[in-house]
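Below, chain A partners chain B and then partners chain C, in two separate complexes.
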Partner chain A sequence: MESKFKVEYSGTVLKVILSGKLDANNSPALSEELSKFKGKTITEMVFMAKDLSYISSAGIRVIVFAKQKVGENSKVFLISASETVLDVINMTGLANFMTLQDTYQG
Partner chain B sequence: MIRIDSHPTHTQGTYKLRVGKPLPFGASITPEGVNFSVFSREATYCELVLFNKDEDAPIEVIPFPEEFRIGNVYTMIVFELDFENIDYAYRMDGPFDPREGHRFDKTKFLMDPYAKMIGGRDEWGVDPDISKKYQHRSRIFYDDFNWGNDKPLEIPMEDLIIYEMHVRGFTAHPSSKLKYPGTYAALKEKIPYLKDLGINCVELMPINEFDEFENSRISPVSGKRLLNFWGYSNVGFFAPKAGYAATGKFGMQIDELKTTIRELHKNNIEVILDVVFNHTAEGNENGPYISYKGIDNKTYYILTPDGWYYNFSGCGNTLNCNNPIVRSMILDCLRFWVSDYHIDGFRFDLASILGRDQNGAPMSNPPLLESLAFDPILGKCILIAEAWDAGGLYQVGSFPSWGRWAEWNGRFRDDIRNFLRSESGSLRGIAQRIQGSPDLYAWQKRGTNASINFVSCHDGFTLMDMVSYNGKHNEANGENNSDGSNDNSSWNCGWEGPSNDTRVNDLRTKQIKNAISLLMISQGVPMILSGDEVGRSQRGNNNAYCQDNELAWFDWTLVDKNVELHSFFRRIIAFRAAHPVLRNKTHLMNTDHVGSGYPDISWHGLRAWQPDFSSDNMTLGFMLCGTHADQGRGRDNDIYVAMNMHWEMHGFEPPGLPSGKNWNVFANTDLKPPFDIYDPGNEQILDNQHEILIGCRSVMILVSK
Partner chain C sequence: MSLLTIEARLEMLDSALDFVATEAEKAYSDAINVNRIRLVAEEVLVNIISYAYPGTTGTIEISCTGVPEKGLSLEIADYGIPFDPLLNAPANFTHLPIEERPIGGLGLSLVTSVMDSVIYERAGDRNILSMEKRGKQGLSC
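After this line comes the complex of A and B, so read on.
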């Protein structure tokens, strides 16, 4: 599956729509895209993961990076992630600072 | 800052290159790409080989140009490498002259000795394609992790309760009822169990990458597939076992292990790794080329003058630990595990090998052991030696320590076992073991922390088997019962193996309670074998290294079935934690040096103050004076322990207490629940303060109040 992402910034919410794989191939590009929002007011960072089939360690690090460098004071959401992705998130310690939800209204 | 040395200078195919940095060794992610660095003293040629993940055919072969060699190190940066999706290897050329110790073979793909992640056995027990030329594959991984405020815990060593366990075996049994049994993630789920038991340190049997299929075969007895379950056969020293991670198939074992360690630390549980630096999985001249053999055989292995492999490990080869290059690698490796994984300590398998010189002779001041003892990064790290090897060196009590090294105290195990089975002549040894073995360690002023006390460990019988079998029953290992130790100092309580006789089973339960009682009331650092607290049996197999099945797994149904034992363990561990007088750092002096009117430890027989150490006697009592706790700086209750390993009941006179104080019963192994043991602080006052009846083969523990 081709890897894609789309970033939307509306109000104070930064929404990232993920699909396919998030790995070392495309995570630098996503990281660069997210860096553009440094300094902007972000209260919520929302990663839409319904169509995300796989997340690698590089992908996980983009989310950590986004929290640390872009939206330090924001709340991070992961929405509609598959069971496999959720397990990886849990077992690699990422679940600690993000809210895992089935849906996101906003 | 703009650097002027970060542009490529060479190309190979589609890859852009430049000379790298020789340090650190291994593959490191840099802003430009990946820095590769590998040592070989004797190689005449080296090339980096890149593969798509798991594929057999290389996608690129990049020879190191001569200008990329610095001394004996080949190093280069490969720019813009898609490092998550590749494997890498080296190929080296050089002399093939076994008599001189050289075994270069340019056709072999060689794993990086510093590989931080190793692929090829990503999921436990999944049959590998052995036709592939590159089996154990170097991979590249980020070394960052969100540790928060975590760091090694540095719990005072005398306060530790070590729990020796196998990551896979702990949760692989279906009764663990976990989604990913047998993994680091599953261990994390069982932390509440460990905490409830009172464990504050887990000692993990090897978690370095190894090949579970090494010497895989079918058991002629059980018909089951035998694997290398224990893993005392390293493929790589820097990489965690991928097959122990639920995320190993995604290449995320490093993050999963770190997450588990972070969670253990959060629960005040330290992590000690069992490390195997005595040999590698490459075996002898008939073994495979994995890495070291093809990179610099003469550097990495101790060889005979004719170039054959010395076998002090019993596993085919012996790592050349006191060669400066190998010494540095071991130091780098341990520093890496402490700084990158926050590991609290190490237990060194067959550690005496680490003290042999390059010809195999024992050294008086081995440089490797000294380096480890004084290393700044390992400065607060626990170092435990298994102070013997398979070449006949036995150094319990004499392992070179520089005041830093502790030892698995094999004498403790042997003396306690002999006492438990009523061997004559046991008492003098028992008195030493209870005091933290001053006969072994006081002469070097090493204190009680030098002694890791244990009655059972992964090698040998479990506690339940120690009281159920006179001899080993290792037929299922497929070696005609010739493997494993013949010297078990065990006693089957009257019947070999499982019994329906209540008297036999009650005696076994009592003997296990006696064993854990003696372990917990002894000075020194106690270590429990995982599963002993619930009476785990291996059906008499005292060498379950190849039994990846119910025989060696922790059966969680036993927690309920053997609640009597589990409850006893939990309470006696809590008792040790509650009483500092059981955890002196220095050896007791057998004198009253704080003016309490009692020596720090006093010895008693059936009559108070009259111990009988004659060889046929099986009874002994001792009292620890609470005023001497923490070398007189603390205050604790007095504790009196009466031990009767005779097969008949005896009356004991406890030592008298100052007026206003009475003896209270904490434990009496002769009784059944609820009278066998109480919660610490809830002890029951002794009716007759002047005489107690101790049943046959029983231990009673009293506390003054």
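After this line comes the complex of A and C, so read on.
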């Protein structure tokens, strides 16, 4: 699967639709894209992971970066993540700080 | 044992990780463990690509053996500046809230938590990181 991402900002929700891999190759580009939303009002950051096959620590870094530098006061969601992606989220201790859902319910 | 030599460039990452994952699949039948090995290899390789050859290029040698039930051994070597990643390992901060974490520095703690042993050695002009992860039988190969 091709690795790509799409970012949508609507209302106060920043939605990041991920597919393929989020690794050292493409994470910097996603961080840069998310930086453009600095200063906007963001109440929820939603990472859509249904088509995400792999996340490395570079990808985890993007989520931490987004929470710290882009949507400081937002609630972070991870939606429909696969077993292997969830494993990485758990290992890095991020699961406690995100809302994990099968489908996005807000 | 399988061997692969790559140029230390980010463009080579995917093929190197596929190579390691193929060996990991021999050792482990579950997607979780294969994925964890891939993750470990990415951390180590990206570190080397980013820091081993400042201002120049070089190679990375990957040697990997996966044996069903016994586990996997993975050795990653470069000819870059002497660097022991274990000396600079950050404290484990996976318990920290997302707001309080350093943005980087997570990689190496993943490597040491996934693998059962991680040993650094400087041999001649090579940095060698030797890692093992045991399989179900509890023996490494």
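To be clear about the criterion, the second predicted complex is superposed on the first by the 104 of 106 C-alpha atoms of A that agree within 3 Å, B and C clash if a C-alpha of one lies under 4 Å from a C-alpha of the other, contacts with A are read in each partner's own complex, and residues count from 1 in each chain.
In this text, contacts are C-beta pairs under 8 Å (C-beta built on N, C-alpha and C of every residue); 3 or more make two chains touch, one makes a residue touch a chain.
In this text, all values refer to a predicted model and were calculated from it rather than measured experimentally.
After superposition onto chain A, the modelled positions of chain B and chain C overlap sterically. In the superposition on chain A, no contact is made by A:52 with either chain B or chain C.
Judged by the number of chain A residues each one touches, C leads among chain B and chain C.
In the superposition on chain A, A:76 makes contact with chain C only, not with chain B.
By the touch criterion defined above, A:22 lies against neither chain B nor chain C after alignment on the C-alpha atoms of chain A.
In the superposition on chain A, contact is made by A:64 with both chain B and chain C. Of the two partner chains, both chain B and chain C are touched by A:92. Of the candidate stretches 55-63, 163-171 or 397-405 in chain B, only 55-63 runs into chain C once the two complexes are overlaid on chain A. Counting contacts by the rule stated earlier, residues 23-25, 54, 56-58, 60-61, 64, 87-88, 91-93 of chain A appear in both its interface with chain B and its interface with chain C. Residues of chain A touching chain B in their complex: 23-25, 54, 56-58, 60-61, 64, 87-88, 90-93.
Residues of chain A that touch chain C in their complex: 23-25, 54, 56-58, 60-61, 63-65, 67-68, 72, 76, 83-84, 87-88, 91-94, 96-98. Looking at the complex, you find that chain C touches chain A at residues 10, 13-14, 31-32, 35-36, 38-39, 42-43, 46, 93-99, 101, 103-104, 106-107, 110, 113-114. If you check the complex, the residues on chain B that touch chain A are 82-85, 141-142, 144-146, 179-180, 184-185, 188, 245-247, 250-252, 254-256, 258-259, 262.
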